[in-house]
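In the two assemblies presented below, subunit A is common to both, partnered first by subunit B and then by subunit C.
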Partner chain A sequence: MRVGLLPTEGKSTYRFTVLFLATIGILISSLPVVVVTIMSFSASDNTGFPPPELSLRWYWEVIAMFTQEDASSAQSVVDSTVTSLLVAFIVMAISTLVCIPLAYALARGDRRIREGMELLFTLPLVFPLVILGIAFLLIAESLRLEIGIWRIVIPHVALVLPFVLRNCIGAMNGISVETEEAAVSLGASPLRAIWDVVIPLMRAGILAGLIFALIISFNEFTITFFMYTIDVSTLPIWMYSRTVSSLDPSTLALSVFIIVADVVLIVLVDKLIAGRANLF
Partner chain B sequence: MSISLSRPRALAFSLPAIIAILPFLGACFYIFRFSISADKGVIDGYSIQAYVDLMTPFFGRSVWLTLKLSFVATIIAMILAVPLAFLLTSLKSPLARRCLTVTILLPLILNLLVQAYGWILLLGPSGVLNSTLKGLGIIERPIFLLFNETGVLLGLIQTSLPLAVFPIVSSVRGLSQEHLEAASSLGASHWRTFVDVTVPLLRPGLVGAASIVFAFNASAFAIPLLLGGRRVQMMGVAIRDMISPLFNWSGAAAAGMILITLTLIVLVFASWLVRVTSEEVRG
Partner chain C sequence: MSTSDTHLHIDNVSKTFGDVQALKGVDLEIKRGSFVCLLGPSGCGKTTLLRIIAGFENASSGHLMLDGIDISQMPPHKRGFGMVFQSLALFPHMSVAKNIAYGLKLRNISKAEQRNRVEELLNVIELPEIAERPVSALSGGQRQRVAIARALAIQPPLFLLDEPLSALDAKLRDNMQIELRQLQQKFGVTTILVTHDQHEAMMLADELVVLKDGEVYQSADPATVYQKPANSFVADFLGAANLVPAAVSKDGHVTVMGQEIACDTGQPVGTRLSAAMRAEHIGLVPVSMAKDHPVGAVKFLRDLGPATELVISVDGQDLRVRCDNATVPDLSIGAQVALSLDGSRLSVFRA
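On to the complex of A and B.
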C-alpha cells in the first residue's frame, strides 16, 4: 500500500483543502502573466478590461519599434535590447568559464574546502539586491570608473555565479574518478582527460547553467536600475522609463515576447536537469 | 595510479571564479566602510553618525512595515507552498509536472516589470477585478488595491512562492514512506497524519524555506517600487530615496547594513531552530 500526501480517493476535506490552496497558489503565480498576455491582444488604446476587441496591432507596433529609426528618444529600444543581449551573453560566457574549473576542483578536492567555497558562492543569492546595487554604484561613482558595459556585467556575474556553480557541481557529482583514470591509463595527460572525458560528460549541467545565467541576466532589474547610464541601459530599464507614468499596450506586447522566450528557456533547463539536480 | 588534484592545480582551477566573485566581496566591504564614514558623500574618517541619524520615527516605520509585510507574505507563501509541493510530487504525468514547474518557477525568473504590469492590469481601477465586480453589481465604485499594502503583499507572495515551493519539494521527496504508512495503518486520518507525522518530519525543510522567503521579501525592491509607489516605504525603497533625491550615501549604506543584519539574524535563527528541532525529532 502506498500512502500519498495527496489522497486520490473520496471526498475528504483534507484532499479538498490541499487542492484548493494549490489552486490559489497556481492562480497567484500565473494570473499576472496570463492577464498581460490577454491584454496585449487588445484592440483598444487603453488597458481597461475586458478588451472590446482582439487584434494584433500592438504586435505590429512592437515590430515597427524595432525596425524603424526613432530619433526622438535618447536611448532606443533597439540599443537597449542589443545591450541587454550583449550583457547576458558576456555574463553567460564568463560565469560558465570560471565555474567549470572550480566545480572540478571542488569535486576532486578537499571536502572542507568544498563546503566553505560552496557557502561563499551562495552568498550573492541571499544578499539583498538593493544593497548590492547601491554598493556597486558607490564603487563605480567614487572611483570614477569609466568601464562602459562592464558596470552592468560585473555585478551580473556575481549574481549568476551561485546558479551556474550549482549546476556544474551537480554535473560533476555523476562523474566517477575511474572514468578519468581510464583515460589517463590509456595515455592521455590529466588535462586532456578533463577536456576530452569530463567536460563532455558535464555537458547537460553546463548547458543548464548557461541558460540560467542568460535568463537571470536578461531579466535583471534591481541592480541595473542603480547601475545604468544614458549610454549603457538594458531592456528592463527601457521598459521602466517608458511605463513610469502610464502603461501602454505596446509594452505589453513586448512583454509577451519576453515571457515566451523565458518559458522556452525554463522548459529547456528543466529538461536538461530533469530528476538529477535541484533548481536551487 | 590515481588522479589526485595537486594543490597548485586546485588553486589554478579555483582562481578565475574567485576573481569573478571579488567585486561582490569588495562591494560588501565597501558598503560597510561607507556606513561608518564621517562624511556623507565620501569615505573619510570614522563615525557612527549615519546610524544615529537613522533613529527617526520615519525610518522606524519603514523597518516595522518591512518586517510586517515580509512576515505576512512569508506565512501566506508557506500556506500555499506546502499544498503546491504535495501536488507537484504526486503528479504522475511528466507533462503536467513540467507545466506546473514552469508555472511556479516563472515568477522568480521573469522580468519583475512584466509581473508588476500584470498586477496593475488585475488590480487597477479599470482592471480585471474591479471590472468583474462592477459587472456583477457587487461594487459601485472601484476598490483601491494598488499603491497600497495589499498590492505589494500580493506581489511579494507571487515572487517569493517559488523559493518556498522547491525546497519543500526536495524535503517531501526525502520523506520516509514507512512513517506515513504506519500512521495510516494505525487508523490516523489524513489531517491527523499531516499534523502529527508529515509536518514534524518536514519541519527542517519548512523552516529553511520560510527563512529564505522572509529574507527575500525583506530585501524586496522592485515590487514595492512598482506596486506600492511612494506610499509603501519598505526599506529597499527608503534606502533608494536616501540616494536618489537626498545624496545621503553614508545614510543609505548604514540603512543597508541594518537590512543585511536583520536578514542575517533571521537566517541564523532559522538554522539554529532547524538544528534544535531536528535533535528533538531524533531524541
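On to the complex of A and C.
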C-alpha cells in the first residue's frame, strides 16, 4: 500500500488543489508569451488587445526590416542582430575556454576549494543586475577604455560563466579518475588523456552550457542597457528603443521569432543531456 | 642483488599519506613471467603498492627497478604497463575495437596493423563478433575481457590488475579466474594482481604476497603460504584457521589442548605459542578411542554436500572442523567427539 504524506481521504480535493495550482503557475508563466504571440498576429497599427483582426502583416514587416537595409536609422536592426550574435559567440567561446579547464581542476581538486569557487562564480546571479551594469559602466568609463564590442562581451561572460561552469562540473562528475588513468596507462600523456577521454565525455555538458550561454547573452538587457553605445548595440536594446518610440506590433513579431529560436534551443539541451542540465 | 630472472625489484618502497604510513619498506623481487597476487584486507596498502608500480603514486622512499633500470621517476604513460582497473574504466564513447586499439593508436601503429591486432585479441578473448559494439551494450563478463584485451594489446612488460573480478557474480568470477590464468600463461607476461579474496589469490598466483598494515607478512607460493603460514594473521586470513594456545612441552613436542603432539618448533621448553590448525586438518574419532585426544561437544553441524562443516566446543573454545563426508562418524548436535590433531600440519607461532 502506498503511504503518502497527504491524506488519501478526500482525494478529489487534493487532486483539485494540485491541478488548480499547476494551472495558475502555467498561466502566469506563459501569459506574456501568449499575449505577445496573439498580438503579433494583429492586423491593426496599434497594440490594442485583443486585436480586432488577425494578419501576418507584421511578420512580413520584420522580414522586410532584415532584407531592406534601412539607411535612415543609425543602428539598423541588422547591425544590432549581427552584434548580438557576435557577442553571443565570443561569450560562448570565452566561457568554454575558461570553464572546461576550471571544471576539470575543480572536479579533480579539493572539495572545499570547489564549493568555494562555485559560490564565487554564482555571485553575479545574486547581484542586482542594475548595480552590475553601473559597476561595469563605471569601470569602463573610469578606465576610458575604447574596446568596442568587448564593452558588452565582458559583462556577458561574467553573467554566463556560472551556468557554463555548473554544466561543465556536472559533466566532470560522471567521469571517473580511473577512466583517465586507463588512457594514461595505455600511453597517453595527461593532456592527451584529457583530450581523448575527458572532453568527449564532457561533450553533452559543454554543449548544454553553450546553449544556455547563447540564450542568456542573446536575451540580456539590463547590463547591456548601461554598456551600449551608438556603435555597439544589441537586438534587445534595438527592440526597446523601437518600442519606446513607436509601439507597433512588428517588435512583437520579432520577439516571437526569438521565442521560437529559444524554445528550439532549450528542447535541444533537454534532448542532449536528457534532463541533466543545470540551469541553476 | 637481483638475479637475471628478476623482472621487477621493489626495493624498500615506503609511502606516507600525511601521518598515515601506507607502506613500510616493502621489498619484493618479481620473477619474469610470474603471476603475483598482492593479498590483504582493505587498507593494507596493496592498491597503493600497485599504483606506485603503475606510476600513479610516487613512493615516499625506495626504488622500482625494472630489468635493473630505476623507473621510480618515470611518468606512468612512459612505463607502458597495461592496467585493468577495478571499475574496468572502459572508454564509454568508443566502440570495443576502438577501446582495444587506443594504446596502439597512441603508438602510431598503422591502421591495418591495429585492425589485425584487435581481431587477434578479440579471438583470444573468444568474442570475435563484438568489435563494433558500443561498450554499453556489453555484459559484465564481456566488459571484463575487453578491459583485459585493451591492456594486453600494447604488449606491456608488466600487466597490472586492481581487483578486476570483484564486480562479477561468483560463478562468472570462477570462470574468469581460470581464463585470466590461461591468458596470462599464453602471453607469458609478468602479472601483478591485487585482491582481497584469498580463494582468487590461491587460484591465480605463482607467488602470493600477503600484506597487512603496509608490511609484507609473507611472500611465497600459495601452497607454502597455506600450509606454512608465517604468522597467525596469515594463517587466519587464508582460509579460516583455528588459533589455539600451545606450549613447548619437551624437545620436539608441543601441548595443544592437553594433547602432546610431535612438532618441531626449535623453541626452548616452556615457550608459550599459538597454534593454527586448518578446519580440514582436524580429524574426528569416537570418544571411546579418545586416549589423550581433546574431547568436545558438537555445537553446529551442516552437510555441505562434498564435506561436513562442524563447530566443536572444547573447554569453551569453538573449533571449526571440516570433514570429508565418508569419514564423519554419525553425529548430532550435542554429541561428544574426540579430535585428532596432526603435528605435521600444525603451524605454530610465538604467542
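The criterion applied here is as follows: the second predicted complex is superposed on the first by the 263 of 280 C-alpha atoms of A that agree within 3 Å, B and C clash if a C-alpha of one lies under 4 Å from a C-alpha of the other, contacts with A are read in each partner's own complex, and residues count from 1 in each chain.
Keep in mind that, in the parts below, a residue touches a chain if its C-beta (ideal position, glycine included) is under 8 Å from a C-beta of that chain, and two chains touch if they have at least 3 such contacts.
This structure is a prediction, so every number in the text was calculated from the model and none was measured.
J.: With both complexes overlaid on chain A, does A:190 touch subunit B (first), subunit C (second), both or neither?
T.: After superposing on A, A:190 lies in contact with both subunit B and subunit C.
J.: For A:48 in the superposed arrangement: first (subunit B), second (subunit C), both or neither?
T.: first
J.: For the overlaid complexes, name the partner, subunit B or subunit C, with more touching residues on subunit A.
T.: Residues of subunit A touched, subunit B against subunit C: more for B.
J.: Going by the contact rule set out at the top, does A:86 touch subunit B (first), subunit C (second), both, or neither?
T.: Touch status of A:86: no partner.
J.: Figure out whether A:78 sits in contact with subunit B (first) or subunit C (second), or with both, or with neither.
T.: In the superposition, A:78 touches no partner, neither subunit B nor subunit C.
J.: Quick one: classify A:181 as touching subunit B (first), subunit C (second), both or neither.
T.: both
J.: Quick one: classify A:131 as touching subunit B (first), subunit C (second), both or neither.
T.: In the superposition, A:131 contacts subunit B only.
J.: Regarding the shared-chain residue A:268, is it in contact with subunit B (first), subunit C (second), both, or neither?
T.: Touch status of A:268: no partner.
J.: Touching A:149, do we find subunit B (first), subunit C (second), both, or neither?
T.: In the superposition, A:149 touches no partner, neither subunit B nor subunit C.
J.: Can you give me the overlap between the subunit B contact set and the subunit C contact set on subunit A?
T.: Residues common to the subunit A contacts of subunit C and of subunit B are 181, 184-185, 190, 193, listed in rising order.
J.: So in the complex, the part of subunit A that touches subunit C is made up of which residues?
T.: It is residues 176, 178-179, 181-190, 192-193, 196-197, 200-201 of subunit A that touch subunit C.
J.: List the residues on subunit B that touch subunit A in their complex, please.
T.: Listed in rising order, the residues of subunit B that touch subunit A are 1-3, 5, 9-10, 12-14, 16-17, 19-21, 23-24, 26-28, 30-31, 34, 42-43, 79-84, 86-87, 89-90, 98, 100-107, 109-115, 117-122, 124, 126-128, 131-132, 154, 157-158, 161-163, 165-167, 170, 172, 175, 177, 180-181, 183-185, 189-191, 193-194, 198, 212, 215, 218-219, 221-222, 236, 239-240, 243, 249, 252-253, 256, 259-260, 263, 267.
J.: Using the touch definition up top, name the residues of subunit A that touch subunit B in the complex.
T.: Per the touch definition, subunit A meets subunit B at residues 1-7, 12-15, 17-22, 24-26, 28-36, 39, 46-50, 94-95, 97-99, 101-102, 104-106, 108-109, 117, 120-121, 123-124, 126-139, 142, 154-155, 157-158, 161, 165, 177, 180-181, 184-185, 190, 193, 215-216, 219, 221-222, 225, 236, 239-240, 243, 247, 251-252, 255, 258-259, 262-263, 266-267, 270, 278-280.
J.: Using the touch definition from the top, list the residues of subunit C that touch subunit A in their complex.
T.: 54, 56, 75-78, 80-83, 85-87, 89-93, 102-103, 106-107, 150-151, 154, 160
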